[in-house]
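The structures considered in this document are given below.
Consider the two complexes below, in which chain A is the common component and chain B and chain C are the respective partners.
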Partner chain A sequence: MTYSSERSREERRGFLDPRTKLALVLILALFVMGGLGGDQLKPIKTVLSALPFLLLLIERQWGRFARGAAMLAAGYGLLFLMPFLPGVLNYIALLCGGVLTRFVVTVVMGEYLIATTSVSEFISAMERLHMPQAITIPMSVMFRLFPTIGAEWRSIRRAMAMRGISFGGAKATQVLEYQLVPMMTSTVRIGEELSASALTRGLGGPMRRTNICRIGFRAQDCILFAGCLFVIAVWIMELCGVKLW
Partner chain B sequence: MKSENKLKGRDLINIGIYGAIYFVILFAVAMLGMIPVFLPLLSVIVPILGGIPFMLFLTKVKKPGMILIMAMIMGILMLLTGMGPWPLLTCAIAGVLAELCFRSGEYRSAKKAVLSYGLFSMWIFGNYLPLFTDYEGYFAQRADYGQAYIDAVQKLMPLWMAPVLLVACFVCGLIGGLLGRALLKKHFEKAGLA
Partner chain C sequence: MVELRNVSFRYGSKGADTVNSLSNVELRVRRGEFVLLTGPSGCGKTTVLRLINGLIPHFYPGVIEGSVTVGGKSVPERELYETAMQVGSVFQNPRSQFYNVDTTGELAFGCENRGLPEDEILERIDGTVERFGIEKLMDKNIFRLSDGEKQKIACASADVGGAEIILLDEPSANLDHETTLALRELIMLWRKQGKTIIAAEHRIAYLWDLIDRAVIMREGRIAKELGGTEKDSLTDGELSAMGLRSITQEAPDGIALPSFKSEDTAITLRDFTFFHPGAKRPTFSIPELRLAAGEITAITGANGAGKTSFLNCLCGLEKRCCGTLEYDGRHYGRRARQKLCFMVMQDTGNQLFTESVLEEVLISLPKGTANEKERAAELLKALDLEGFSERHPQSLSGGQKQRLAIACALASGRKLLLLDEPTSGLDYAHMTETADLLKSLRAMGTTILVVTHDGELIRACCGRKLCFPPDRAEP
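Let's look at the complex of A and B:
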């Protein structure tokens, strides 16, 4: 017999531990986006690229999955079309395709991290990694603010476009002043409210904070961590000149 | 005295707020770097635009350590966005220099603030380091962008560009700092934020 609140906590628990998500972002950033490693890692990279999409499906993030898949498809489409295009278009297609196929995967993984991790989960995971508060508090504030800044930015752009202040319509300095400045002003105001609310709840206090989030390693985390270690092991072996396949 | 200098929750949250604005601007501009012509220009545009949030940030800095933490967080975010470990090193160096500079002005001097942002901006150079330390390897990794891209970048970024870019970061940091101060006076003080 479990209490209902306990059951709902278990239901809301994410599929992966935040630490696993961070490790995956790092591995994807280094190997898929950073382009670390040579030919031997190619097949592994293909598997890695599919991973964030799989995770989005498991967490039922259909919208994000569709957007990411569409962008990746566009990238491969451009690479496929590239040989048939003339002159400059060929070059542009190759560049856009190369950039899209390389970046989309890691961006999707980052989106997955931000979309499926609450701030409390993030802080709790960081605490268990023994990260100092000086790093975890600013980082969690940042992750919380990124979507807010995006929303503010879009509405300010809309408002300013109505007055004819947008790229193409006005001078660059005007765009800078009338779009960037309000964006910063409103972000700082939102941030101050956030700060008041967080302080009320004891963030940064001298006492250790408790946390009701359930995080911890389960089978899927262990498998993915083993995968990460495997990728690193293959990379090191390749650096040492061992031929695997 | 000692306890006054300790960073509290509010200071750390402030680092997060201004760090988020700085990073969003940085990220939006960095996307331009995909076009070869803009790659060296990043060391001009990023420090100038980043000056606005950073000068606003410096008005909140009253205790030692805040600038260094800001720099280290930028380094960690660069690692997570695939720029490799080099920025971590340059962030640490630039962060300490900027910190010492602003501290010598007792966290109040406006001139020291501009100079401090110039020093802080030099961390951006870390993003170029993989290109210069391993010239061949860098282009081998980017072979899938096409030969035209590689030719264009190699033409724009010969080895002697390294010191030029470092100086550009610093000088444009100073310009960005001045711009930030001007906007601070014009807009933010009126709005009661600075």
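Let's look at the complex of A and C:
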């Protein structure tokens, strides 16, 4: 069967519009990670926390789901163990557990955004939000740069292991510096090559860009957006002192 | 079509006292012509390409004298995106020329930037995919492709853009023999369509018979232009006198060398199996393999066969691989192998950590070495780096970084030296230098394994050859 990009773009369309994903990241960052809102919002936050995991399952991102769930479980595990631990360990468990339970959910949501959105979809969504190119372009490069930095990081860690430089040795104080120097040089180099390549393909011209991806609001987007508005409404009412339940 | 008239160029701002990268270059390329730019590293090939695609002066600033025109329009005066419609570029490093994460988006990228209607872009993509035969690569994550596949996508992306002029900057540097031939096929397609092609390359063999003209550069000047019969009658000897690589495209598989001789002292590997994370079948599975101690063994094999992963396993850097190595009556597990092997990686910059060349060697010396400084200086001298001991390792050239890494290997006293593609992107002189260096290391008793696609390097220094993965190739 010959390849048809028309057909493939329908098949590859994501479950959510990128704008919905961005809105969800924002809401989670404010309410779950940032801890906005009081007692009335507690049950809502529980529902919100489950959302990124549900979305990962819908998009069949099993690996990411498992990793996120494990981190969250570890966080609650630490908080549960905390009262039984002596002295300093108690504090460490409290700290780690607190950080994990607060941050993991939002990080998982961010991962979901990056994993399931193509660069083209993202740019397209940002344009529909009327974001200027000066914001859209650097942000879209992030999609590409994070995995690259990850790969460089692994390669440097390997080189260090091979050269026999590791934490705990006599050179422990210098380890961080050792990691950062090649990291920065290679990130700068890759960033430069990346920009050069993008410019030779006309990025940054004054013409209105087109996008071959399919985005747009469907039922699931509307439901989730309504959810976001609901959360904000509850929060405002709480601020005004209205008792809802 | 492309015209450089009496062009001189130096990087940096006006007052800066940098040397000229190009001096008085005259180059005229007619419509539909295929011109090869070649010459030793640093001769200015890449600079010429950057002048044509407008990256100079719009991205890499500098001082240009003379005029550069494409299709009669001045490149420095025109906006970069206007030049981009006419000129498509494919770069050397397959890892850093993609803006998108998915292949389809990457193909569409140039046209999207230009604002072409969606339907036309889709149509163009389908056309390119069919002509290039890359159906299998579509809708993939670019990070999961092999280097050869990435380079195909880069070419396809230039093709979708529909540029009349294609610039290739060492596109084959990271490619194996088979993939290089596939690249050749793509270039032939463009030839047939009448595209103007300008390629900068060291490995000239795969396109020597396709080109109309070879322009040989040296120190920023055009040293010689070869066309027609003059080009066809050249011998390898005359080429190497000019500092050029061979024009015989030789499959490394065709070089007859044993992988192990009965009189060799064996380094025996057992149960080396490696799975990529999430893969169902192993990348390679080696029940037993004997390597010749004290020899230089070339490891050849296709892009994506797992050669680099094999080196990582050998060095004990892969936790998922649990094989053992037996040498000189001792068994080495994963941890022990980390102290037995030293790998010179493809990206040598990623394995140099300190602030000076001397310090880099010092941290490699075993603790308690007597006269550390003298020993380090001795090693730097042996590797032709003595004038550089205070330089920052990251500021060295590629070849110098490589030699520094080898100095560290020698300092650490490891018995097994592994090199991953040490000659990719090297010119003839540097390639022979590397070969000579490896031979002298062998004379010092080091066992060397080189992963390489470079037939010339194998001919120049290797005594043993192993086709990877070994289970398929060995009779």
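For this structure, a couple of remarks:
Operating definition for what follows: the second predicted complex is superposed on the first by the 232 of 245 C-alpha atoms of A that agree within 3 Å, B and C clash if a C-alpha of one lies under 4 Å from a C-alpha of the other, contacts with A are read in each partner's own complex, and residues count from 1 in each chain.
Convention: a residue touches a chain if its C-beta (ideal position, glycine included) is under 8 Å from a C-beta of that chain, and two chains touch if they have at least 3 such contacts.
This is a predicted model, so every value here is computed, not measured.
Looking at the shared chain after the overlay, A:Arg163 reaches chain C, while chain B stays out of its contact range. In the superposed pair of complexes, A:Gly77 makes contact with neither chain B nor chain C. When the two complexes are overlaid on their common chain A, residue A:Gly216 makes contact with neither chain B nor chain C. Of the two partner chains placed by superposition, A:Pro43 touches none, neither chain B nor chain C. Legend: residue contacts after superposition of the two complexes on their common chain; A:Val141 is shown touching both chain B and chain C.
When both complexes are overlaid on chain A, the residue A:Met207 reaches chain C alone and has no touch with chain B. By the touch criterion defined above, A:Glu152 lies against chain C but remains apart from chain B after alignment on the C-alpha atoms of chain A.
Of the two partner chains placed by the overlay, chain B and chain C both lie in contact with A:Leu194. After overlaying the two complexes on the shared chain, residue contacts for A:Thr185 are found with chain B and with chain C alike. In the three-chain superposition model, chain A touches both chain B and chain C at residues 140-141, 144, 177, 181, 185, 189, 194-195, 198-199, 203-205.
The touching residues of chain C, when paired with chain A in their complex, are 53-55, 58-60, 79-82, 84-85, 87-89, 91, 93, 95-102, 104-105, 108-118, 121-122, 125-126, 129-130, 135, 138-139, 143, 157, 161, 278, 312, 315, 317, 338-339, 341-343, 345, 347, 349-355, 363-364, 367, 394, 408, 412. Residues 7-10, 12-21, 23-25, 34, 49, 52-53, 56, 65, 69-70, 72-73, 76, 79-84, 141-142, 144-146, 148-149, 183, 187-188, 191, 193 of chain B are the ones touching chain A in the complex.
The touching residues of chain A, counted against chain B in their complex, run 25-26, 29-30, 33-36, 91, 94-95, 98-99, 101-102, 106, 110, 133-135, 137-142, 144-146, 149-150, 153, 176-177, 180-181, 183-185, 187-189, 191-192, 194-195, 198-199, 203-205.
Of all the residues in chain A, the ones that touch chain C in their complex are 2-6, 8-9, 12, 63, 118-120, 140-141, 143-144, 147-148, 151-152, 155-156, 158-165, 170-171, 177-179, 181-182, 185-186, 189-190, 193-213.
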